[in-house]
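Shared between the two complexes below is chain A, which has chain B as its partner in the first and chain C in the second.
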Partner chain A sequence: MPSDLRDGRIVIVGASLAGLRAAETLREEGFAGSLTVVGDEPRPPYDRPPLSKQVLIGDVPAEATALPMRRDPDAEWRLGVAATGLDLLEKRVMLADGESLSYDRLLIATGTRARPWPNPEEGALQGVFTLRTIDDATGLAEALAAGPRRVLVIGAGFTGSEIASACRERGLDVTVAERGPAPLVGALGGTLSRLATLMHRGHGVDLRCGVTVTALHGDGNGRFTGADLSDGTRVEADVCVVALGAVRNVEWLAESGLAAGRRGVACDAGCQAFNMYGIVINDVFVAGDVSRFPHPLFGYQMLSLEHWGNAVAQAEVAAHNMLNPGPLQRPHLTIPTFWSTQFGLNIKSVGVPTYSDHVVIAQGSLEARRLAMVYGYRGRVTAAVTVDMGKVLDYYRHLIETAAEFPPPPGAADRAIAADIPIPSDVPDPKGLSHEPVVALTGYLPDRRLMVVQPVG
Partner chain B sequence: MQIVVDLTRCQGYAQCVFLAPDVFQLHGEEGLLYLPAVPDDQLERVRQAVAACPVQAILMGKGVSAGAE
Partner chain C sequence: MDSETLLSRITDYANRPNPYPLYAELREAGPVVRQADGSYLVGTYHQIGALLHDPRMSVDERSRTNPPPEEIKNPSFLRLDDPEHHRLRTLAMRPFGPPHTPGRVNAMRGEIARITTELLEALPTDRQIDIVDDFAYPLPVTVICRLLGVPREDEPRFRVWADALVAAADVRPDEDTTEQDEAGRQAGSEMGQYLLDLAEQRRGKPTDDMLSAFVNEPDRSLRLTPEELTATGALLLIAGHETTVNLITNGVLTLLRHPEQLDRLRREPQLLPQAVEELLRYEPPVHMRERAPLADIEVAGTTIPAGTSVVLALASGNRDPKQFHEPDRFDPTRPDVEHLSFGSGIHLCFGGPLARIEADTALGALLPRLGAARLVQDPPPYRQNAMLRGPRHLFVQL
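For the complex of A and B:
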């Protein structure tokens, strides 16, 4: 590594999973210069997935979720202060406290925030929550512990479903309202969404699909009391959780000239940011939930992922590339991988299930609630989802990596009969869902409408 | 000490659950839930779990200290 890349000044904006793992990797790979990590949250990096699982069940206090360091990255932590602007020419990051930081190389890792309820007055009612931060989770866990009459969850994506599952585990009555035809349909397609419907109902969730919530109501003291649904019914509840998906934290880059928009900050496969003309900016890198990047296995379309594993993998590649000249840089080609624990089931996904036209159940069965479903697009394996069968996921990852033929050839000993019966994958247009999918292809395929990801609410 | 389990890598082998049942628990067949903040009296057991995990999915370490600014 040339010594000038090992020295100098690196600034990371975003002090969460991607920011921390990048900082550690920089030191691991020999960076000896000055390192500053800026984060608008007052807390050191913590782990978000437990917030909708262990924390809501009541096993773990939200503040106990600090992320362990792999090594001390010897960084200056500027916590509780937001970056407000970026000057690419002067190579400076402006901060909310009026200061600015100059950098030689910059990593953007500002992630996402919860999409708020579209009516701010209704959203501010006491008892209405979103879930993204420790403070959100602390407030919601307290509200659940207080024993509300009923909880209303708006949106049946992964987060909404996990919240509903935690409520049922606590013995609370819960209503889930989803605009689409079934839970998880935007991420997993038709067949598995029908299993998700059974899981919700089987665990006593009052699941209402094909409806939107039209208004939230409060009493005279600003306390949430219930909501109106588009089918004319009313749900009386003490707690409401708005789980409508995520918004990318890109506002601070609005004037920067970077290709930063609703779907994230665009970068190349080496994590280097594009400016608005699609020209790579050498010293600016992007990683984690805020990024969108091209992936050769999925037609070079731009992927936006909200996946823990992607934040880690991309941060490592970005850090490596910040310290290495072009020919020694690495591409971020990790196959997207995701997990969710809900209603006692462990759902894992590899690849991009929405990039599909057909599926087969390759192992197990819906009846057994234990299966491996394989997704194909134009005769090629593009994704797999397992329910309580995580151990076989690596096998299907390999099929995706090698662009194996779909339906997949016999390989597993317990191959299901259904493995030879492809059925349409039935991935709906995200416009018709309450939540946004956690994997979005943000590129363009002329024959498919599902690529158009619009804000909803 | 804090832990985080890389659940994209974890295959539900449950070695950690046997070694430190007060920290790691299976929820259903293979959904792993755990205490991110390791109680002091569990440190040794968790160390064994870290070493025993067949896919090296458990990371234990200190959190970034709050006064680091």
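For the complex of A and C:
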């Protein structure tokens, strides 16, 4: 490693999972210069997945979710101050308190925030929550502990479903309003979304699909009392959780000239940022939820992933590349994974389920509520989702990495009767599914991971 | 070809003290090495890992056609595939671990420490000791008896059965195993009846142990049948100590062979949990597992026909230089020790968390006494078993 890359000033903007893991990796790999981590929240890095699960059930206080540090990153922490701008020419990050930080290399890891309710006045009603931060979770957990008449959850993606599940576990009445035809349909496609519907209803959730919430109402004192739905019905509730997904924190980059937009900051496979012309900016790197990066296994589509595991893996690659010259840099080639627990089920995913045209239930069954569903695109395995069967995922990950033929080969134990009969994956909005996946990953260790192009036919 | 005899040579008792050069030869010969009897041997880390996760690899001996299986009666979940394996393992886990009993194993720390202290205090100070008989064997036996609800004083009885069952489960490619198999069946049936009687005594009168939990389960759909209870109970009783005795003994042996690392651990005992992982990698208690594919499968370019015996040499995978830097070096501070010693995938060792605490406690308590200790005999005499490899005695002068 050239010594000049080990030295100098590195600034990381974003003090959550990706920012922390990058800081640790920089020191691990021998960075001896000055390191500053900027975060808009006043707290040291904490873990968000428990906020919609254990914290809401009351098993763990929100404050107990601090991320353990693998090593002391020996950084200057600028917490509670947001970055407001970036000057690529001067190599400076502007801060909300009027100061600015100059850098030799910069990592952008500002992540996402909860998408707010579109009507700010309604969103400000007491009893209306979003869920992203410790403060959000603390407030929501208190509101749930107070025993509301009913909770209204708007949106039945993973977060909305987990919140509904936590409410039922606490014995609270809950209504879920979802614009799509079923919960989780956008992430997992038709078949599993029908299982999700059964799980919601089976656990006593008042699930309303194909509806939107048109208005939130308050009493005269600014307290939330209920909502109107597009089907003309009204839901009376004391608590409302807006779970409409995430917004990427890119506003501070609007004037920077970087390719930063609604879907995040575009970067190459080595985490180096693109400017608005698609030219790589050498000293600016991106990692975590705020990034968009091309993945060869999924047709070089620019993926934006809001996954815990991706934040860790990408931060490690970005940090490595910040300290190494081009030929020694590594690609971010990990296979996306995520997990969710809801209604007593453990859901795990590997690959990109939305990058699919067909699925098979390879093992287990919907009836048993324990299964492995494999997703294929044009005859290749591209994803797998397990329900209460997580230990088999490594096998399917290997099929994805090697672009194995879809459906998967015969012989699996607990094989579903219809394991050979692909059914449409029924993922809404299949746009972007246009390339043939003819590449596979090879090599086992992150630093030895390569891509091979497989002959077609 | 020499590589066709690898399994025979690995299981040859003469090579028990040091099978590692044979494992190096195995990895050199290819990821997948056909044996003269038609079975296959796999010794590379990544191929073993992939096969442990492959749902087409059956642990059920009835899936095997080459060589054909003996008649199998009442297999435990260790030898069953999903979905039966999953059902039984989940039921067995209910009184043992998460999600239903998450604190159980951790809550045993105090008791494990107490048993350890008692054993150490009883050690003779004026003569050499046998780490196996005086310490590494009685510790996990006492723990598993307590956990399961088996009277400790019955140890001489079930030791005979356990010996027979473990011998029957060993990999012995060149021997006529009819006699061992029959002895194993007989022992299994006697041990089953014994456990069933113990469970019956606890029906309606639960004591705080797993047999009580099994027999007093109020939900009919979650209750083990008598056959399932005997198979599961026997598995837990045997697996609960036959492997941990190797882990502790191999641990002492390895530390005494590496005085610098021993000194370091004596100075920095907080390194012990990590050192236990390295011990698991370096001298694993279980050297091999056997599987058979349910369909023809391809592994690294070799097609293995359905029903063929495939022996996964976990101990060889643990020494694979493709995964571990300088794999033959014992390094208690080695980072990311993702060894194969507990297996992986759906059959991942049920009692791994308990074994870790036992080894941690046992070695931690022994450390202060090992400073001036010396091995009386190196290599020590080994157990016959090739699969559960470990010293039969380990004489040490403290």
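Keep this in mind: the second predicted complex is superposed on the first by the 428 of 457 C-alpha atoms of A that agree within 3 Å, B and C clash if a C-alpha of one lies under 4 Å from a C-alpha of the other, contacts with A are read in each partner's own complex, and residues count from 1 in each chain.
FYI, a residue touches a chain if its C-beta (ideal position, glycine included) is under 8 Å from a C-beta of that chain, and two chains touch if they have at least 3 such contacts.
Please read all numbers here as calculations on a predicted model, not as lab measurements.
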First (chain B), second (chain C), both or neither touched by A:147: neither
Partner chain in contact with A:296 - chain B first, chain C second, else both or neither: neither
First, second, both or neither for A:414, with chain B first and chain C second: second
Which superposed partner A:391 touches (first chain B, second chain C, both, neither): both
Which of chain B and chain C A:309 touches, first, second, both or neither: first
Contacts of A:325 with chain B and chain C, given as first, second, both or neither: neither
Larger contact residue set on chain A - chain B or chain C: B
Which superposed partner A:370 touches (first chain B, second chain C, both, neither): both
Set of chain A residues, in rising order, touched by both chain B and chain C: 370, 391
Chain C partner contacts - residues on chain A that touch it in the complex: 363-364, 368, 370, 372, 391-392, 394-395, 398, 409-414, 444-445
Partner chain B, residues of chain A touching it in the complex: 20, 43-47, 49-50, 53-54, 57, 59-60, 64-72, 75-80, 307-309, 312, 337-339, 341, 344-346, 348, 370, 388, 390-391, 393
Residues of chain B touching chain A in the complex: 1-4, 6-12, 27-37, 59-66, 68-69
In the complex with chain A, residue positions of chain C that touch it: 46, 49-50, 53-56, 58, 81-83, 86, 293-297, 306, 322-323, 344-346, 348
